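The following pair of complexes shares a single chain, chain A, combined with chain B in the former and chain C in the latter.
On to the complex of A and B.
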């Protein structure tokens, strides 16, 4: 029998992992909900933002907080570029072609990163003390990243609910034909959404680089999980994805401690497959 | 004899003669590349059986991995001949395909959702192979135990590459034959109707679930055959090279590059990608690792935007237009 203290620690780590996954899923879900295209390469954009922060800090000696902000900018620019260069020419193509085009981008980013920066694992080491509460060890770095991730999500929420552009973006995701009749320009909104989604990738990258090492296949490691979370929460459903992220993170973290790391993921994927059949609209969606 | 048939016959003759031609010192290498093209083209053709009807699977690595690992492990652990282990492996892949396909068609999991479910299935298989490392070798992969002096037809191990060359050629032609059979069958019309509108297809009396499961089972079984043969040829199986997302996407992309709606499209795409990566590998050597894949990814994006029917698909369409100029292109 496993010492309960490890289980509690696994739960706590699961919550922290959940924050990371929720942040990753949020930007992807925003883009999916509005532009109706799954960016298979989304997590690879996150990896590029991580590289940007890494090089700014280690090569140019930029302070971490400033590099992090720059990373958000890099993410936003990448989001705009992806939309203008890849998505807008195939906006009316069959969904499968769109999926495959961003899949090509995934190959391109992963191998171009290998070409430029080799397969070395790189991370920005932030040495913060480890907290010990009642025998449970929690990394302070992860705690800070978790808090900042929550802040980013709240900012996104306020942007979507309190600003004019945010309201228009939500309107597109509800009915893309009607919004054009209301006088808004969907093309411009798509661009803004891609920029915001890209900026969220930048935020995720800036917060991830202080916890994880980045390497060309970082996107492959976190990508599948991120889609599963979006689908589980209901594609386009922000709140759903947020909770789905924490559920999946718990399964992975606790399953990892109880069985093995791989089996934790296997259980999570199997739960995903089964839930798709039972609740195709996501765990919080209504069946149509 | 039409020029098309003549060209096909000549091409086939050249392929049959390659192993007897004097190719000098590089002959083993040339055979190796062509053998790989045969096997992967076969797998790509199997994939396109589903893909062309809108059933885009991003998890064919699962069937490939189940096929390869089952037969290799049965041989390694129980000394079971691939003639028994192979069919068992295909059977296992078939069961997996049906277990996934049944709920998918019952609950109308289509489009993005189907792609993501199959993606998850592929990951599950890869992770299980890694997790059961005590007998699968985990992420280090597993080598096929050599049969030594017993190599031959019974063990399906041949030191001579030329044997695998003809096996590959045969299997590839078989794959094309299956593709053409499906193309001319009633199933094709039914599947096309299902791909366009499932509810409407069901309304005119097409048994949606049966057709979908049938085509998925066929595609998965052929893919597993490819997995068994690739493992026999390479004498090695690895969760990343014969299973998982990387392989699954590679299959899909080769097919898309060539064109998934035409008979030779998957083969042309596979041949081009393998030839390109081999060429770049030799040209750049160990410098610039990743350049092949970079160009590959770039080509994919450009192809999907500008040439969605693929290289071969577009060429074939242009040829048909030239041959019959009066007929307007079907919408």
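On to the complex of A and C.
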């Protein structure tokens, strides 16, 4: 049998993974919940932010923390560009066209990244010690990434609940015409939402590049998982996505230790398929 | 204060208003009554910028508002309480009121406005943490009016405030609107509840199939033909 200490370690690692997954899912879900369009290429934007941080650090010698902040900015700019160039013209198009457009962006980014930067796996080496607490080994890098992911989510939460713009972003998804009567411009709120969603992708990118290597198909590795979490939590339901991220991360992490890493993902997707049959609206339901 | 001159407006191929002219003086309360489908809602939507008129003028305190989008019109001092209230159901009462004060000028006086609204509608203060969607119909209407007041308007457009309310609540609501009036707001109200609304306003217009058919002082009109016409739609 497996030493229980490994199991505890897997749970801890699952929680740490959950933090970053939750960040990814919240960014995607925010945009979907407000603009009502699924950005298929969302995780590819994360990959672009990862490349940005990577090149800033390795090519230009920018300190990691500064490169990370720049990565957030890159994410926000990408979010704005995607909205203006791709989403804005198709806001009122049938959903299938919207999916095709953002799906097309995915292939564009992946191919473009391959062309520019080849298929090499690139990562920023961070040499932080591994912590040992009561026989459990925890990567300090992951712990920092988890803490920063939590901070980013708290900032997002405060933005959405405490500020006028954040509250208006929640309001525009409930009644677009009524928010215009309040003096807010819906198009501008969509743009801000896309910038914030993009910035969240940037944060995720900065936190992922210190744990994983980026390559042109990074989005293909994390994208489906992110969508699965959003659907499981209920599309557009931020709280649901948050919890779904931690549930899925546990399944992957613990399943990975009990069976094998690949099987961890297999189990996660099987659970997802079963749950979607049982509760098509997601375990936490879609926000109405 | 507000002047509509020869306004024609509609949706697609459908024309809802045909050359409507109307004025509201500062401090006045004016009603537009008429049967269902007369174009009353379109009239208010044209004033607040939700519908762009095909022709004609909408002037407010000297500014031409015809064709201006809704988010600009509200900045001129016109607050629209739309048909069906159109609250943000998932936001709390307090958050709905906060959205009413979205404009920079209104934000600066948020505390003061909030106190005024809570004094006017104490039930909103009691329910400030509750979701707007969980309120009763009457409370929702109060919140919709309160939200409009938060933008510090000079003119308030009310679309069917009594819609969907129990008779007792209708009376209470009209009482509250009267108190809003006494605070010095100018009001343009659209109503099917003709008898009640004529007790509230100074003047009234009768709108029928998109045209103004009659106009006069509320007191003169209350017991006339006009009322019967508005009810029956003949």
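Worth pointing out:
Note that the second predicted complex is superposed on the first by the 277 of 288 C-alpha atoms of A that agree within 3 Å, B and C clash if a C-alpha of one lies under 4 Å from a C-alpha of the other, contacts with A are read in each partner's own complex, and residues count from 1 in each chain.
To be clear about the criterion, a residue touches a chain if its C-beta (ideal position, glycine included) is under 8 Å from a C-beta of that chain, and two chains touch if they have at least 3 such contacts.
What you are looking at is a predicted structure, and each value in this text was computed from that prediction instead of being measured.
Legend: residue contacts after superposition of the two complexes on their common chain; A:181 is shown touching chain C, with no touch to chain B. Chain A has more of its residues touched by B than by the other of chain B and chain C.
Of the two partner chains placed by the overlay, only chain B lies in contact with A:97; chain C stays clear of it. In the superposition on chain A, contact of A:84 is made with neither chain B nor chain C. Once the two complexes are overlaid on the shared chain, A:171 sits against chain C while remaining clear of chain B. Chain A meets chain C in the complex at residues 164, 167-168, 170-171, 174-175, 177-186, 287. Residues 54, 56, 100, 103-104, 106-109, 111-113, 115-117, 119-121, 123-124, 127-128, 130-131, 245-246, 249, 252-253, 256, 288-294, 296-301, 303-305, 308 of chain B are the ones touching chain A in the complex. For chain A in complex with chain B, the touching residues are 38, 86, 89-90, 93-97, 99-101, 103-115, 118, 216, 220, 224, 227-228, 231, 235, 260, 262-263, 265-266, 269-270, 272-273, 276-277, 280. Within the complex formed with chain A, the residues of chain C that make contact are 48-50, 69-71, 74-75, 79-80, 82, 86-91, 95, 98-100, 102-103, 106-107, 147, 151.
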